[in-house]
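Report on the structure given below.
Naming follows writing order (A, B, C and D), and every chain is counted from residue 1.
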Amino acid sequence: MGWNSWDCYGASVREEEVREHAKYMSKNLKEYGWEYIVVDIQWSEPEAKSTVYNDFYPLNMDEYSRLIPAENRFPSSKDGRGFKELGDYIHSLGLKFGIHIMRGIPRQAVHQNTAIKGTEKRARDIANNDICPWNSDMYGVNVDMPEGQIYYDSLFELYASWGVDFIKVDDIAHSKLYDDAHKKEIEAIRNAIDKTNRPIVLSLSPGPAQLKNGSFFQDHVNMWRLTDDFWDSWDALYKMFDRTAEWQSFVRRGNWPDCDMLPLGHIGIRAVDGGGGDNWTRFTKDEQYLLMTLWTIFQSPLMYGGTLPDIDDFTLSLFTNEEVLEMYHTITERRQVYRDKEWVVWQAASTESEFVAIFNVSEDDLNLPENLRSDFVGKDTARNLWEKKTVKVQNQKIHRHGALLLKK
Amino acid sequence: MGWNSWDCYGASVREEEVREHAKYMSKNLKEYGWEYIVVDIQWSEPEAKSTVYNDFYPLNMDEYSRLIPAENRFPSSKDGRGFKELGDYIHSLGLKFGIHIMRGIPRQAVHQNTAIKGTEKRARDIANNDICPWNSDMYGVNVDMPEGQIYYDSLFELYASWGVDFIKVDDIAHSKLYDDAHKKEIEAIRNAIDKTNRPIVLSLSPGPAQLKNGSFFQDHVNMWRLTDDFWDSWDALYKMFDRTAEWQSFVRRGNWPDCDMLPLGHIGIRAVDGGGGDNWTRFTKDEQYLLMTLWTIFQSPLMYGGTLPDIDDFTLSLFTNEEVLEMYHTITERRQVYRDKEWVVWQAASTESEFVAIFNVSEDDLNLPENLRSDFVGKDTARNLWEKKTVKVQNQKIHRHGALLLKK
Amino acid sequence: MGWNSWDCYGASVREEEVREHAKYMSKNLKEYGWEYIVVDIQWSEPEAKSTVYNDFYPLNMDEYSRLIPAENRFPSSKDGRGFKELGDYIHSLGLKFGIHIMRGIPRQAVHQNTAIKGTEKRARDIANNDICPWNSDMYGVNVDMPEGQIYYDSLFELYASWGVDFIKVDDIAHSKLYDDAHKKEIEAIRNAIDKTNRPIVLSLSPGPAQLKNGSFFQDHVNMWRLTDDFWDSWDALYKMFDRTAEWQSFVRRGNWPDCDMLPLGHIGIRAVDGGGGDNWTRFTKDEQYLLMTLWTIFQSPLMYGGTLPDIDDFTLSLFTNEEVLEMYHTITERRQVYRDKEWVVWQAASTESEFVAIFNVSEDDLNLPENLRSDFVGKDTARNLWEKKTVKVQNQKIHRHGALLLKK
Amino acid sequence: MGWNSWDCYGASVREEEVREHAKYMSKNLKEYGWEYIVVDIQWSEPEAKSTVYNDFYPLNMDEYSRLIPAENRFPSSKDGRGFKELGDYIHSLGLKFGIHIMRGIPRQAVHQNTAIKGTEKRARDIANNDICPWNSDMYGVNVDMPEGQIYYDSLFELYASWGVDFIKVDDIAHSKLYDDAHKKEIEAIRNAIDKTNRPIVLSLSPGPAQLKNGSFFQDHVNMWRLTDDFWDSWDALYKMFDRTAEWQSFVRRGNWPDCDMLPLGHIGIRAVDGGGGDNWTRFTKDEQYLLMTLWTIFQSPLMYGGTLPDIDDFTLSLFTNEEVLEMYHTITERRQVYRDKEWVVWQAASTESEFVAIFNVSEDDLNLPENLRSDFVGKDTARNLWEKKTVKVQNQKIHRHGALLLKK
């Protein structure tokens, strides 16, 4: 559970914004379990302005072909201090610090043939001609060579020295261009993290990850994306019922298939993807309940994408409902048990309780059908977790695109 | 765990052969947990001779468009008694009775437009133009019509009256022609079984089932095939390491992804698939240990395909090792934890014990590498389940295509 | 050039309707080169009512497993006379007679195991399990057996005896289910036609045929379909610019890639495909000019799908413009020479003249751009074939979805 | 017809080698119509050694982001003279000069953000993130921007100033990575060539080009490759019967689908592709006759890949047979007319003569079957073009993988 800078700032977040969000989280959300503050893509790019990348622009890089923060955007990184100070600050608030990186080695390093820490080989020697199709920063690393692994080791040594607790590696869980995950580089990154002896959460992007790689992801990483970038449209949300059902058997402690960030609240400050521009989420309140219900009963990672300092009460209420969060943290089984064109039902269980989530995916407000009640709820009354009160289940009205989350 | 007639007799098994195998199983294997006797495909076809189907030949059928046994092959089925007497006999031996069916309704019923039990509609009305590409017996059933469900209900009512405990439905888990499972008909069959109030195990063929349907299979059926027909060649066996790793997260009580029959012992009496002809399995002894180790640690269903009356001691020993079978029955977790070009390692755990299986998939006899021992076995000695003795693990020689199965 | 019963009557045309259309054609269109009268699909099906097929219904069949006309629909076919009388009538009007058949042998013949003329083998022996996915009448014929060829020979012997001049074989040029043409059966049909010594035009359906089979089609058949069934919508028409450009190199004397029937005039009398119902074409007049211009400059076969007895003057004018038809008959080269989002230009040449067709595929009425005029027309004035007058080319207005057809 | 440096020297040919081959051609082959001398890939790379590319190595480039020859390999190019002197020399021998280029702009230009001639925009501005998957020299050019076209214009202005008569553009006719031709850049190159007012032959690589783009290629280029790189193996040669049959309808004056270079004679001097190393062609003499027969009757471009100075008499005889070359130059129609598992037959016609080529594609020496003789040759005697004498056709023996080329 945490906050990520992408949905608000695209590639352009600045240090003061990060600090502001960390401060708010520490004060208002930490007690509910929210703890990660993640700086998303292209923190090395001095000219980044939005979610659009400046192709082929120079990035800030150290002498060993490793990207470091752009000093104009992250003043505390001056003099080669990297993210150390920002990390320290976040830790001082009782929170954890995460960063985003792209798979590979900077193309500028390869064409300048710069040095690699720990080996005589240079950038040109360890690069291969695998690219990311949507971002021009990096080349792939040839990890069949020992020096390729050495390069990844040098990266994670640096990140560990900054106090990084969470890393989101991009262009790696699925490549449309090459139609697979970059598995060799995932293994190399797993090895590099293990060598740091620091418990860094490993999260892979982008999706949709392929089911055939599910066991491989379970063995190597903590989170992996089930979808393309998720934004605030019902179509995208509705598709998540397919994705979560397909992946439900892969959820287990330490392996959290990832439904992507929560595009709720105030988003798009400097983003032109999704709805395109500075706005409040386009999801209705019912859709937001439905979304949070699906994410929590599936136990997806929860990464908020909106602003924190000016968050409104409703959005905040979605993140601070103790009863929902207790379910989220304690369940050990979960699965979709019913689906038709109007309804989807999930059940979950912790060692002590059973939960049922009933989603109205139709275009109309509907009353809960009696057969769904008797098959999946059984009882006449149950605890409504969002409302924090016991309700009569029979004939409950559920709004279009809404959800009912019950503890039996 | 049981015996299936296909690997020996193809489509042509006869009643006396079934009874003979049942008698042997009851006497020699029942105590080890072997209990199902399954009559495979085309028991309605009077002229069936081998694994090759006679396209478009008439099948034995009752007045309600339901296939019934060919009387020349199953004499006890005379006078409309179906498999009742054979089922009774098998039950009298303390065993369970299984049959194979094809998805759909006989094409001959459709072209003769015969009656359906329980409705005025006739065969032509409920058929659709979906076919099986490799067998010409049936058309698909349109289960969007209530009368389609009524037809399936009438089938399972009949099978339940025969005392069927296990049903293998074919041309349904995956169709190469239509590139998917026939999900609607799977749902209809699930419903039809539930209505019988008889606990019939539902097994689907053929494979390879698709991972995207894994959750669907878990919700509807007990077993589903991971592969095409499996025969006695190393190439086919080696591919099972891919399949089992991909499907391991879908194994749970009541859901057993199926590695297909065991083509061991004396097979091919009247089969021309696989090795093609009456022979003993082409697997080496080491490959047989490896196969049984993978099938048991993955908890695949075990369906023996060879003959029983003339089974040899070695083959019998594979099915009657109490220590291996105890692992097979008690483990609640299992997964592949390592793979390279020479070695595959699986681990499993019951509430009381931990197990590790180490497979040499190379072309050479090899000693167990020390890093695999220390990473996955840990200890210096461990129980070798196949040898039923405690062994020194260090430097154990494992033959090419062989396996070591240890309890830690 | 001819008339085909599908767009008006689907599978249900009756003899008197065919005769009526033949009479009209003979009187009004023959002089312009229109000559084929084609009875489309399922003339053997007594119950056919529209474009929807009655799955698995019995068809009228002779003693040799060959379909013959349904007598209730074609009274002159009584007493085994088949289409002989209808063919004679059409010939008596100076026209030519065509029929439609499905690839294969009737399923009812296979399940009844009826005789084949000229061999001891029976229907069951020569059938294979290849089906048409959208019509349940036939099985494929195994032409690897000599008796498969004998069956096709017996079919074409019958058709030749009826005086058939044109045959449209369906489910053969492309099968979505099997993702290819049924090439072996095309070869068998080619052989069977050659043996009749009657010059029968061979036309294959449905499309889209695959380019990789283009040379094969040129070697074996006269016409083959480039598209799925073509109906009266702009989307379908616009796609023909892709199809015709891709196939233009395959047009040559005796090989006419086929853009499908002309859904013009009064159509859908008993058809529920396309616009769905009895109506006049949904194409605007401009779209009809554009369609006729593309079909004629590409030299597609022209098969009118609408009614003839009540045809209106405008539609008639499209089929009786001598200048357009002269181009259609005399050009020996043709190709698309320009395309952008608003304009498509084709050029063609006969030994004596040059032609240019300029299509406005945009959504607005536009004036002809000067660069297109100078590049492709050159001159200031040219003969407008549809208007049959010489026009000033500069700045000609061309309506949205309209076309200008010029002789230079 | 010409010579290309790839099959002998890979990416590493040197000026003196080019001059030597030009001299030989002028003296011995020019009279037979051989005239192009083509310097293949990476003439800008100082370190190129073979057919293996040095990934990411610096290339020789001018101030306008245009690649120029490596001076160590092409001494006459010193002082910015480019290929002018070499071109002049080749012209002085009465021959024509060709070069190879990769689609796009050098990656080193993009990362250094160098200037573009004729615009204020720089390399970074006009590059896009499309790459060649098998060579790391270039990025694609964004020709949707006018400045992208300006860059291509500046390239061809330079090549025209060098006297280039033939250009082979690579990574453009088909990209496996992007599964299509790079059509926009093909259009830009076509435009750039037209602006030079020099008649430069445009040849596109690599194959296999897709049939759906056939019309597009006809409109824009002179030659395009039907295959991957073609080397001296029977499997590769046999596949050309598929390719040529599929493409035969696209051959016309100015449009020559290209079967690739002739890997005959002494090849592989500094190449490690194909047979791998310095050797004489692995084709048998019969296979060489067959190859030359197919290439000439299909009218593929003929580009010899072996060495010229030490060419042997047999190889030379393949290129200097006046009767074969007369057919090659004069035929206006050609097509495959027969194919089974043992035989392929092509026919061709010029305004004056008819030709037939009969290929034995079986693994045995065979006599010409009488039906092929009567169907395709007709006569009892005919001119054997390779033997330059009239032969009795009946029962002619044709060796395995051999061909008979006759003038009727």
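By our rule, contacts are C-beta pairs under 8 Å (C-beta built on N, C-alpha and C of every residue); 3 or more make two chains touch, one makes a residue touch a chain.
The shown structure was predicted, so the numbers you read here are calculated from the model rather than taken from an experiment.
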Checklist entry - If you take the chains that touch chain A and keep only those that also touch chain C, what is left? => result B, D
Checklist entry - Which chain lies the greatest distance away from chain A when centres are computed from Cα atoms alone? => result C
Item to check | chain A-chain B separation of Cα centroids, rounded to whole Å | outcome: 41
Next on the checklist: Suppose each chain is reduced to the average of its Cα coordinates; what separation in Å results between chain A and chain D?
Outcome noted: 51
Checklist entry - Can you give the whole-Å distance between the Cα centres of chain B and chain D? => result 56
Next on the checklist: Quick check: what residues of chain C touch more than one other chain, meaning two or more?
Outcome noted: none
Next on the checklist: What's the complete list of touching chain pairs for this entry?
Outcome noted: A-B, A-D, B-C, C-D
Item to check | Complex contact set, residues of chain A against chain B | outcome: 211-212, 214-215, 218-219, 245-246, 248-250, 335-337
Item to check | Residues of chain B that touch chain C when the two form their complex | outcome: 55-57, 107-108, 110-113, 124, 127-129, 131, 133-136, 177
